[in-house]
Every structure is written in C-alpha cells, then in structure tokens.
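Naming follows writing order (A, B and C), and every chain is counted from residue 1.
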Amino acid sequence: MLDLLPIFAQQLINGLVLGSIYVLATLGLTLIFGVLGQINFAHADFVTLGAFAAFFVARATGGNYLIAILAALLVGALLGSIINGTVFSPLRNADETRPLVATIGVSVLLENTALAFLGPVPYAFDSPYSSQVIRAAGLFFTVQNLLVVIIAVLAVGSLYAFMKLTFIGKALRALAQDREAAGLMGINQKQLIALTFIIGSAFAGLAGAMLGPILVLTPFAGASVIVKAFAIVIIGGFGNIEGTIVAGLLIGLIESFTAQFLSPGMSDIVVFGLLLLTLAFRPTGLIAERREENV
Amino acid sequence: MTSTSSRWAFGSARWLWLLACIAVIAILPLVFQDSYWRGVMTICAINIMLALGLDFIFGYAGQLSLGHSAFSGIGAYTSTVLVTALGVNFWVAMLCGIGAAGLAGVLLSAFAVRLKGHYLAIASLGFAVITYQILVNWISVTQGPLGIYGIPSPPPLTIPGIVTISFSDQQNFFYLVAGAALLSYLMLRNLTRSPIGDALTAVREDEISAASLGIRGTKWKVVAFGIGCAIAGLAGCFYASFIGTLVPDAFFIVESFMLLAMVVIGGRGNLWGAVLGAVLLTVVPELLRGIGDARLIIYGLALTLVALFLPGGISGVLIQFARRFSGARGALAAKGPSHA
Amino acid sequence: MPETSLSGTAAIAGNAPVAPTLFSVRNISKSFGGIHAVRSVSFDIPKATVFAIIGPNGAGKSTLLNLLSGNYQPDTGTLLFDGADLAGKPAYERARLGIARTFQKIRLFKHLTVLENIIAGFHIHRKLPAWEYVWPARAAEMDRKRCREEALELLTFVGLVDRADTVAGSLAYGQQRMLEIARALATKPKLFMLDEPAAGLNNAEAGFLLERLDTLRKQQMTIVLVEHNMELVMNVADRIFVLETGQQLFVGTPDEVQSDPAVIAAYLGEELH
C-alpha cells in the first residue's frame, strides 16, 4: 500500500496542474455564462489562438515570454470584442439557440482556417520554463507546470476581487442575477456585456499562452479542452467562480487518477458521467421545471 | 417558416409529388453510371435521413441536439456487431440497430428534456462524447479505433418465382437506401401534419401555454427524440453496410456539427429544408473536390452566416420569395410551395 | 340543484353558495424565499358563476391563479376540483381535467396562424387510430374538417372569424387577447380562469369582453376572473374575493364588496363602481 503513495502523490500533482489548466481555460467561459447566460462555443478556439499568438510573438521577440503573454491577452480581448459585436450583441433578443449555433459555426471556421494557415503538425512551443524540471520528494513537475498553477491562482484571485470589490464587478453580478432590474437601475448593459466578453476572452488568451508549452499545440488544441470546459461550467454551477475552481480541480484530479488507474479513455466517460449526474440532481437554476416560472 | 402545415386535401397533389420523387430516385443511378457518384448519392440519401431526424428533434420539437451522429453510431455498431460477431440476419440486426438508437434517444431525452436550452445542448454533447469513448474503448465488442472490417451488404431479397434483388449491386443498394429515406420523409411529414405535429409545434413555440392546453411538453420531446434517433440508427446501419468498414471516428463530434449545419443551412421546421441542406452539404463539397479542407471552412462560414442572418435557412428564403410572388399575404394559397 | 357538501370543509363567513361547488380551495399558501405571497386562503367556487379575485397591486392575485392552474404548486393546503384532488398535479394535467386559463402577459403561438392557435387547443380532444398518424386516411380527414369547423365557430364567438389565416403575432393587442380566450375555450373546459384579460383593452374591447363573459356564464361556464378593471368586475361577477397581502380581506357579492369598509380602506378611495 505504501508503495502506492508516491504514485498517488504524483497523480495528485498532475491532477492539480491539469485542474489549474482547466480552471484557466474555463474561467472566461464561466464569467460570460454567468453574466449573460450564453455559451461562446468558440471560446476554446480563442485559447488556441492565444497560444499561437504567444508562440509567434515569443519567437519574434527572441523568447520574451512576458510579452508573449501580453500579446495573448490582447488577442483574446480582441476576439472577445469581435464575437460580441458580430454574434451576441445583434442576437441579444433572438431565440437563444441562435448564438450558440452561430458560435459553433465560428468555431469550425476558426479551427479549419487556422489549419489551412498553420498546418496540422504540432508546434513546439518552448517557454523558458517548460524544460526546467523540479524534483522534490520523488515527485516530478516542470516550472511551467508550477507557473500555470500560480497564474491560475492569481487569475482567479484577481477576478474574484474584481467581482466582489469593484463597482463594475458588482454591476456585473447584478446583471447576472436579473437583467431587467439591472437595466432599470441605469446600468448600461451593452457596455457591460462587451466588457464581460473582453475580460472573459482575455482570460482565454492568457490560458492559451500558459498552455501552449504544455499541450500539443495544433489548431485543435483548444477543442480538446472545450467539451470538458462546458462540463466544468455546469458541474461548478451556473456561472459560479468558486464552483468553477472546485469543479476544474476536481475534474483535473479525476482525469489524472482514472488515466493512471483505469485507462486514459475512461476518464472522459467518468467526467461526462459526472456531468450528466450533475444535470440530473442539481436542484437550482439548471432544471427549468423545478424553478417555477412567473407567468 | 415554422408554422404547422397547411391542410392540403388528401388528393392528387400529394400523389403527383410522390410519383415525381420516385421517378427522380429511379432515374438517378441511370444518369450517373460511375461508382463514385453513385456512392455520393448513397451517402446523400443517408445524410438526408440523418438530417430529417435532427430536424424533427430540433426544428419541430425545438430541442438542440448536438450529438445526433452518436445515435447513428449506436445503430451502426449494434447492427454490425450482431451480424459480424453473432451471425444474426441482417434485417433483424437492422431492426435491433434502429431500436437501440431509438431507445438511447428516449433515455437521453427523458433525462435531458427538463433542462433549459443550453443545458440540454451540453447534455447531448456530453452524451455524444461518452458514446464515442465507449465505442473507442470497449475493444472487445467494437474493436476500438481499428474498427470492424468486411461488413457485408444486405443479403439478397427473393420474391419467389419472380426476382432476386441482390444488394451487393450498387444500384440496388442505392434504391434501398433512397427508398428508406423517402419512407422516412413520408412518415415524418405525415406525423408533423397529424395532431402529434400540432402538439410538437405548440411545445416548441411556448411550452407553458401548451401546458395550459393540456399538452405535456416532456412527453412530446421524448417522442420526438425517440423517433428522430431511431431514424438516425437506420441511417447508421446503411452506412456501415455501404462503407464496409466501421470506425468510431465516423461518429465523432464534428460529424454532429455537420448534421446541425445541414439542418440550419437548409432551414429547420419544414423537413424539406433538411433534405435541401443534406443534399447541398453532401454534393457541393464533392463538386469542389479540388479545395480539400476548405470544405470545412466553407461549412463553418455558411453555418455562422446563416445562423446570424438567415434564421429560416435557405428554405426560409425560398418560402419568402414564394409568398411575395403569390401576392396575398397570409392567404391559404400562398402556403402552397412551402409544404411539399 | 341539490347542494353538494365537500367533506371536512368548515363554513366560511359570507360563503353561502346556491349552486354546487366546482372548485374548493382550503388553506393554500405559497412562499417564495421568505416572502409569503399567499397565506392560508380558502374559498369555494360555485358552478356556472363568475368568481372574481381583486385586490391592490402585489396582493398575490396572479400567484393565487397560478396555484389554481398548476403553474405553481402550493406549499400547504388542498385543492378539490370537481371531486378530484389536485395535489401535485402539474398544469397540463389540470388542463386535461377541465381547467383552462389565459395569462396576464398574452401567450400565443405568435408565429402560427389564428386558426392553428385554436386547433392547438383542441389537442386533448383529438383521437385517431394509431396508423393514421403516419398514414392519414378518412378519420384524419374528418378530424381535420371538424377541427376547422369548430375553430371557425370559436372564432366567430370572439369576432375573429375573418382573420382565421392571419399570423397571430400580427393581430392588434385586443384581438390577440380574444384569440387567447378562444384558444383556451377550445379545450372545452369546465372552469375558465382569466388573468387580467381587460388590461390593455380600450373601452369598446372591454365591453365586448364583458359581454362574451356574460354569454359564457349563461352557457353554464364557471369563470374565475382576476381583474383590476372594477367596472368589468362589478358588472359581471357573481361573487368577489378580495385579496390583500396574500390573505382574504373580504368575500361577497359586488354590492357587499363595494360597501365593506375594510375593502374601501384597502383601495384608499379608488372608485369601486
């Protein structure tokens, strides 16, 4: 039993790193989902494009990772602004499936356009930290991994502080709770929604910059994460930041452990089984029938 | 657009149209004699069935199902495994495939139809991912990513004393699949014009007021899912037999998105839009063979633009034109062209 | 008609029905979070009468109606409709038992035509042999014909027969309201509940509505009416139930209601007639 301990601990580390990756990738999605109730299906492709932006900027600046990260943030923010302006804003009062379908189209478009320009061969994105390895107490991880966890914590922390402490953050929370009431209180919805997309998508870009060195960097890098990201948003709760953290880490851990002790393919089944269970049993908000609608 | 059908009398117009379809189907393999294009037509018929099923679920019952391809996979694998591993008769296996897919649809929807729009969509996506992973990992049954080879065509049908129809002949196989597609269309069209169709439309348009009329939303959504997924299972069975090889990747998530694109671009809620979308998105890329992977770029762009600007799809645009030509707005006559 | 007495019901002050009771409500309550929207409300609705529910804004009238229709489930209390216990029964089931309703915010199938809206209302009464759903023949044809005929009758009743093929969303507001009423009547209900049907109607339209409700009542329909329009209520109601902050303030005939001091105080000098 005791000899399982190092394996257990290693999987714990792997799981936390993986979980932090998921949290970073999902944070923006949670924010948008929470405030707007909409899903941007192309969110994962923003992560991918952020990763590529970081890659090319890093290469152009001779390996300056910091500037690469900033570039990724900017690219993400820009993409968020564009998708809001072209898809979500015009369709604000339309049938709620239309933006989702439109963003599915955008996702397919982005992935395959990137494929056409960048090719299917994975890019080797080496940050200054991805080769630095730390060995401690028989455990193994790279500095990049550590960096991901640290950045994830910082990102979550700053978003949290923003939402709880600043005026705009409070306005966003008001918007999330009751759009009509928030509008009546003089909150400018259009601008706030645009801001939400910009922040949320900037986070996606940031996630891309952090994940580029870790994931296999192809035009479909984000897609590998997207479906799990949705699962996390829902398991964590309707646009709930705390929930996203817990769910993200949980799923990272589940994936790590099932991959080790069962098989890699099973992890998807376990994760999505958990998603379906959540949808079955979670009482509030998710299940329309139980939430009595005011007619 | 998405209104229930006009009340054409059970009469000559309908029979004429039916005859025309049969004629077109009969002629096609005679016009296109090379095996490549006959193959395209067969895949087209399969896609038509898939798109019809999805339109029934999404266009009529209003349920955004993002994993429709998975049900095709369930039908395909169920029938194929029964035939190849257990030696079950093809037609019996096909019925099992249809049943398995329909049952899976009922199970998913019984669970998911209580959920609001986005959650249902994601639940369906999650279901599709799980299905795909099961197909990949349950190697003892499905052979995993390597796939199942040497899937036979349907056994010949013998009408004693008259004729034996062999389905290893590409032309006959096409007639079989196209015939099934036509029957699926007819069945769904009649359903949508029946009181069932009225109930589905009511549930789609406003579930709460439908309830006030005694119409139970969850029941009808489950019915729509069951039927739509059963048809997908049928299509899957034909697909397996046609290609001869079955791999899980044929039912990956992106295939579901392509089916969605067919329904959205063709126009949902009137069945013939789905047919149109399926034909367009199957045939056009073949015509543009030279462009290769630009095919998906075009799909993505088309899907986005249609979702943004043409919510009724191409069929919606055509209906609008027809109305304008007919002049009188809202008069019964103007509804003619929109309901084949 | 012989008086039917329901088991376990205590006499309620001012409640002396002469017709048998169709709907018996006992001690129903509903809270949302900490807010008691409806508190231990009880009344009997006699058959073939117009039972109006009035009260100041925020009194809980719509909530009460939702509790009767099944859009909300009560926290406590019992609902006995035509002998059937409605506990736990959702809206669609109550509709099938004969409770029809309209909504405060008009809920029509806006993309369907007027005729199609009505035909949706017939759904629970339509029956075909199983195979005719997939291959329609004579029974389907007759069903369709009958639906159309009866729909046109209903449309004549609400004055919309010449708009049968118009898309519902393009009707004027008052016409949409009448269509919603016709559609609810298509379910052939025993009880018809209307939530502020006169809101947004001009005088002529409200007068027409009043006249139609009166005709329905003469045809032995039982009607529950939640309304703000006092002229309508006083002219058509047989009994009026006054609700204030979720509780019963008064119940009685229009004359009694108009002269009750508590009611007058609650409305603070509003015109009651």
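Throughout what follows, a contact is a pair of C-beta atoms (placed from the backbone, for glycine too) under 8 Å apart; a residue touches a chain by one contact, two chains touch by 3 or more.
Because the structure is a prediction, the values reported are computed rather than measured.
Trainee: Whose Cα centre is nearest the centre of all Cα atoms in view?
Mentor: Of all chains shown, the one whose C-alpha centroid lies nearest the global centroid is B.
Trainee: Find the chain most remote from subunit A, comparing centres computed as mean CA coordinates.
Mentor: Between subunit A and every other chain, the largest centroid distance is to C.
Trainee: Between subunit A and subunit C, what distance separates the C-alpha centroids? Give it in angstrom.
Mentor: 49
Trainee: With centres defined as the mean C-alpha position, give me the subunit B-subunit C separation in Å.
Mentor: Centre-to-centre distance between subunit B and subunit C: 42 Å.
Trainee: I'd like the Å distance between the centres of subunit A and subunit B, where a centre is the mean of that chain's Cα atoms.
Mentor: From the centre of subunit A to the centre of subunit B is 33 Å.
Trainee: Quick check on subunit B: which residues sit in contact with 2+ other chains?
Mentor: Subunit B, residues with two or more chain partners: 208.
Trainee: For subunit C, give me the residues that contact two or more of the other chains.
Mentor: 71, 103, 107
Trainee: Give me the residues of subunit A that touch two or more other chains.
Mentor: 293, 295
Trainee: Mind pulling up the subunit A residues that touch subunit B in the complex?
Mentor: 37-39, 86-87, 90-91, 94-102, 104-113, 115-116, 227, 230-231, 234, 263, 265-266, 268-269, 272-273, 275-276, 279-280, 286-289, 293, 295
Trainee: Where on subunit B does subunit A make contact in their complex?
Mentor: Residues 64, 66, 111-112, 114-119, 121-123, 125-127, 129-130, 133-134, 136-137, 208, 218, 253-254, 257, 260-261, 264, 293-294, 296-297, 299-308, 311.
Trainee: Which of the residues in subunit C come into contact with subunit B in the complex?
Mentor: 69-71, 90-93, 95-96, 100-101, 103, 107-113, 116, 119-121, 123-124, 126, 128, 132-137, 140-141, 143-144, 148, 165-167, 183-184, 186-187
Trainee: Going by the contact rule at the top, pick out the subunit B residues touching subunit C in the complex.
Mentor: Within the complex, subunit B touches subunit C at residues 1-4, 7, 9-10, 187, 190-191, 193-196, 198-199, 201-202, 205-206, 208-217, 330-332.
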